[in-house]
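Across the two complexes that follow, chain A remains constant while its partner is chain B and subsequently chain C.
The block that comes next holds the complex of A and B.
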């Protein structure tokens, strides 16, 4: 078959690779009914993400395209698809697995890089400011507590995150 | 007992075998075995002069045991056994072995070793024959009457067949009227003709023709002389044995005398109680006294006792011109004794309300295909108009959603197989009647696999019905207008669609009916009948390929939707098949069985429950003795002679009459006694079914394996006990192969699995005794895997060669 390139044939075990990362859940049961896509709030507003297509590409073994692409980062983890998929394909789990593979291989969008360095530097994803701290009491919110960033770094270091992140050119 | 005189009949299959095996040596060898009184030689013994030789020897009183070497013993054995029986000898005093497929052909290249093996096989057969005992036939009566459970098309077709063949038939239907789902469906695909016609019964002498089919009401169905129709009735208990089942039926009162009612309809006009008509999708009301459709069978009104005011009202009684209404009728229990039971309890629609995102419960304009069928039916609640139930206005935009609760691993993972065709039928009926209606079908895959079914799909496309490949995620409702919106991705366009709809039709899955579930419960006492259900809750046939309507219990048959969702043609086919099987069973009026069954030595029986729970056929019961304890007793009727109980009994209290442990041991020792140059000796114990045929077929295919591998057949590997493996080693085997059927394909259901466990246990023991566990191995094979057997035999031989001679403690 001309359509199946050598690369595809070689990477047909991509679904199997995902299965191992998805705690044994498989995407092979997907029959492309589109319930996930029509359940997806992200897919409704951007053509860049369609869970059905991500799963299809993964099933076809288009590893490079999926892992280096933008789509897998757009899932908002609402679990609507997970709830409604008639084949019980754990689509959010698949997205996490794909992101883990992508991160490991250096495909991480800038915004997530920035989040990572923010966490490593300050222990928070969103930076704080004097303005925010002054504003909080007026909204009835308690003052911000210290984040324990040292402990967080230790944990992230122990899990290997820091090393992996630095290796991939993170700034921290 | 007479002195044992064995006749040995050696066939060289027309010199095919004498080129490999030394028949002179074999003859000389057999002559010297004690008890051998006669030796015959011929090219074949299963017919002609060879067979006459056996018959004459028996008639002349020269022999009273027969050992025959033939090829394909299963085939030739039939003739030999029949002839032996006619000659006046009990047919179970015959031992046939296959010197061709078990010896000469697979060992063509080593004639010397093959001849050695042939001697061992001959000795094994002679020694076993000497220990054989006559087995007698027993008979059990079969009543020539049947019970058909379920009055849908499957049940009615089966009932007509059996009644036409002269059997007394009782048809039980839990509803007040016959017809089941067919009565509601209106029309059937792909012909779009009426759902409610059946084959004419033979008793319809005046109008029947070869090709006639009739609406149920004019078919004379209710007048078939040997057909006893019990509506409003449920089976509440089944006891007994094959051929004589005692069935208890509870018949609820109809409150209308069937012999008096003239169906004049006066009663319904005066009845003051009204409820939504469940038969008509609750789209119209019915009275407490009612009939569901005009052409119903039986054409007799019925009273819904859950809502009738009875004596507080009794208006119907006053108005009835024939005094047919009898408000004092009571429920009654009826006991029937029947020879056979046909289960035709059907399927029903899945409860779609559990899929919350489709709002079947909250939105009245979301309906199911069955409800739509009532609407399309001219007799239905809307007189054929397709309307929005919420406001009764015509539905101009209709969306069908396929696979609702089917192909869905959250509910039913199977494909209900008929819903695509049902939706196509409805879509086209609507489109033909109201061409300006916009009809869209949302599907995952359209499945139209029957004859003319694809044409049907093609016609639907030509008519302008739209198809969207995509399973909708949700149905929502615009609060102001009440319009429905179906949210779906067209997966082919990669586009999200919001389809407006006046009416959404759910192609709900077909699931086991309530009746199917209830019957499964009731019959669970009968030899674990619940094991007949598959994982989806449908009745499961005993063998899908060969016994599509039979169950494990003789005399109980299943057909129609009770086994899986089916269309009408397939249901008919299935029903006729079940009726044929039931008729075949009842025709002779008796079950004739030989006592190839298990027998329990009550003195040794230890009162445990192992054998009753292990027997796959429920053939063993614990019965009380006069001394206040229990002993196990085998029913010759139920026992299939597999020997799984023998392998289970911890006290060796059970034996099979046709495979006694001493017969097996003697044969085993003989097979291992002649070895000469054939080493290391391997005993291959194989079952007489699939596993055994793998051994046969390796020989038939001339697949070569060493002659040190010697074959012994047992009824089922489930009969084997752990100590028998040890005995094999003691007898001289250096390795033991156990060849059974596939784990899930055992002819006795669990025999192979039991053997696997036994082998596992024995391997553990062997290790304790210092014997390498590798010397014992289990194989699961079927006929087409002869090659695998030959390979396994070679591998086992190689393994044993590497291990070296077996060292038994205290042995030489």
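The block that comes next holds the complex of A and C.
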């Protein structure tokens, strides 16, 4: 996976853009067999998500439709499709890569903005409360170690995460 | 005594003291030493991978680098942490180019990923460091009256190419570990299907449908409890039951226990020391069944 910059993505096809974000795994090998869809617990209960369809639209270059749509956020990350794909397409990684592009372009579900601010503020996506920390000794638990949130912020500045978050109206 | 750096993650310290307590007590009794290292953070699971994949690998690599500095392998309680740390560890060990790229970001915090440590799920530690035979011998309170529905969740098993805990389609490890405690492991439909936990907060409706299916199938199988390996599965099935009650007007009263809670009980830990009252679905009947 190489750092994807605006300049470099401008000339790429959508499939190539995804491939760069997915550690070199490629969705180009998909031959639309539907093993992913038949293994998908979410596709079984809602017509709003079908991994085969998402991959198809991505391969057809329907960038705006895929990136602004709801479907990419409905993958439950169970990796059933990943285990069973006969072409070894890393489908969950493709979903994350599509979400990365959506995030960059401002299509961000609220819960994901909350995750982004929580990790930058606390070093944890589910912060602990003072109440919980005070309760630990009464239960016989050792004190909670401090998080490395300062180190984390430096690292996330270097990867572009902080900038990505600020650009979307984050305050951290 | 084998020592491991304990990776607690986010959800366990914030919301599940019962999981942490039972893990510390049970693993301690079996001679596994858990070392609490400072400065660990979130593991960067799917919610962070969804924001930026490269950043998530960097966060995982940072945490692994802390264990490397302490010269310890990592042990995880949360399957989400296991999957994200393990996948990053494997990917970075195998690609010098990607490792160099991630290390450029880590260097800003004075850290470096070397790739000389392992990330282990605690079930692996039980299997490899203790073994089923010794585990059976350590049981002081056999759970022979209990019928237990094993639930692996997703990220203990998949993606199996990275995790290598057990066969992703026909696992046996958790059932074997349940039976080692004297309990009966019961089969039920769609055992390996996701609990929906990661969709909570985005699509509560789909998440609850998936959780409900687990409750229906484990109840039909006559299970006394569901045993989980992950705090997300625990929330989906324990708090989820309250939501299923109000939305579908269905009551299952199916206690959900982490495997470490079952283990601690079988090793003779007093149930009063396990903060079982933090469960939404109370385990009182189950406790009286084994007392």
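Here is the rule we go by: the second predicted complex is superposed on the first by the 143 of 172 C-alpha atoms of A that agree within 3 Å, B and C clash if a C-alpha of one lies under 4 Å from a C-alpha of the other, contacts with A are read in each partner's own complex, and residues count from 1 in each chain.
The rule is short, and it goes like this: a residue touches a chain if its C-beta (ideal position, glycine included) is under 8 Å from a C-beta of that chain, and two chains touch if they have at least 3 such contacts.
Please read all numbers here as calculations on a predicted model, not as lab measurements.
Colleague: Chain A residues in contact: does chain B have more, or chain C?
Modeller: C
Colleague: Mind working out whether A:55 is in touch with chain B, chain C, both or neither, as first, second, both or neither?
Modeller: neither
Colleague: Thinking of the overlay built on chain A, is A:135 touched by chain B (first), by chain C (second), by both, or by neither?
Modeller: second
Colleague: Considering only touches as defined above, state whether A:154 meets chain B (first), chain C (second), both or neither.
Modeller: second
Colleague: Let me test your reading of the model: by the given contact rule, A:120 touches which partner, first (chain B), second (chain C), both or neither?
Modeller: After superposition on chain A, A:120 lies in contact with neither partner.
Colleague: Looking at A:66 after the superposition, I want to know if it touches chain B, chain C, both of them or none. Which is it: first, second, both, neither?
Modeller: Touch partners of A:66: none, neither chain B nor chain C.
Colleague: Figure out whether A:77 sits in contact with chain B (first) or chain C (second), or with both, or with neither.
Modeller: Second partner only.
Colleague: When the two structures are overlaid on chain A, which partner does A:18 contact: first (chain B), second (chain C), both, or neither?
Modeller: Neither partner.
Colleague: Touch test for A:146: chain B only (first), chain C only (second), both, or neither?
Modeller: A:146 sits against chain C, while chain B stays out of touch.
Colleague: Thinking of the overlay built on chain A, is A:35 touched by chain B (first), by chain C (second), by both, or by neither?
Modeller: In the superposed model, A:35 contacts chain B only, not chain C.
Colleague: Return the residues of chain A at which the contacts from chain B and from chain C coincide.
Modeller: After superposing on chain A, chain A residues 80 contact both chain B and chain C.
Colleague: Flag every residue of chain A that touches chain C in the complex, lowest number first.
Modeller: 1-3, 21-23, 41-42, 45-46, 73-74, 76-80, 82-83, 92-93, 95-97, 99-100, 103, 109, 111-112, 115-116, 119, 123-129, 132, 135-136, 139-142, 144-152, 154-161, 164-165
Colleague: Any idea which chain A residues touch chain B in the complex?
Modeller: 29, 31-35, 37-39, 43-44, 50, 52-53, 80, 84, 86-88
Colleague: Would you pull the chain B residues touching chain A in the complex into a rising list?
Modeller: Going by the criterion above, the answer is residues 357, 403, 407-410, 444-445, 469-474, 487-491, 494, 496.
Colleague: What residues on chain C touch chain A, complex-wise?
Modeller: 9-11, 13-15, 17, 20-21, 24, 36-42, 44-55, 57-59, 62, 66, 91, 95, 98, 101, 104-106, 108-111, 154-155, 158-160, 168-169, 193-194, 196-199, 201-203, 206-207, 209-210, 273, 275
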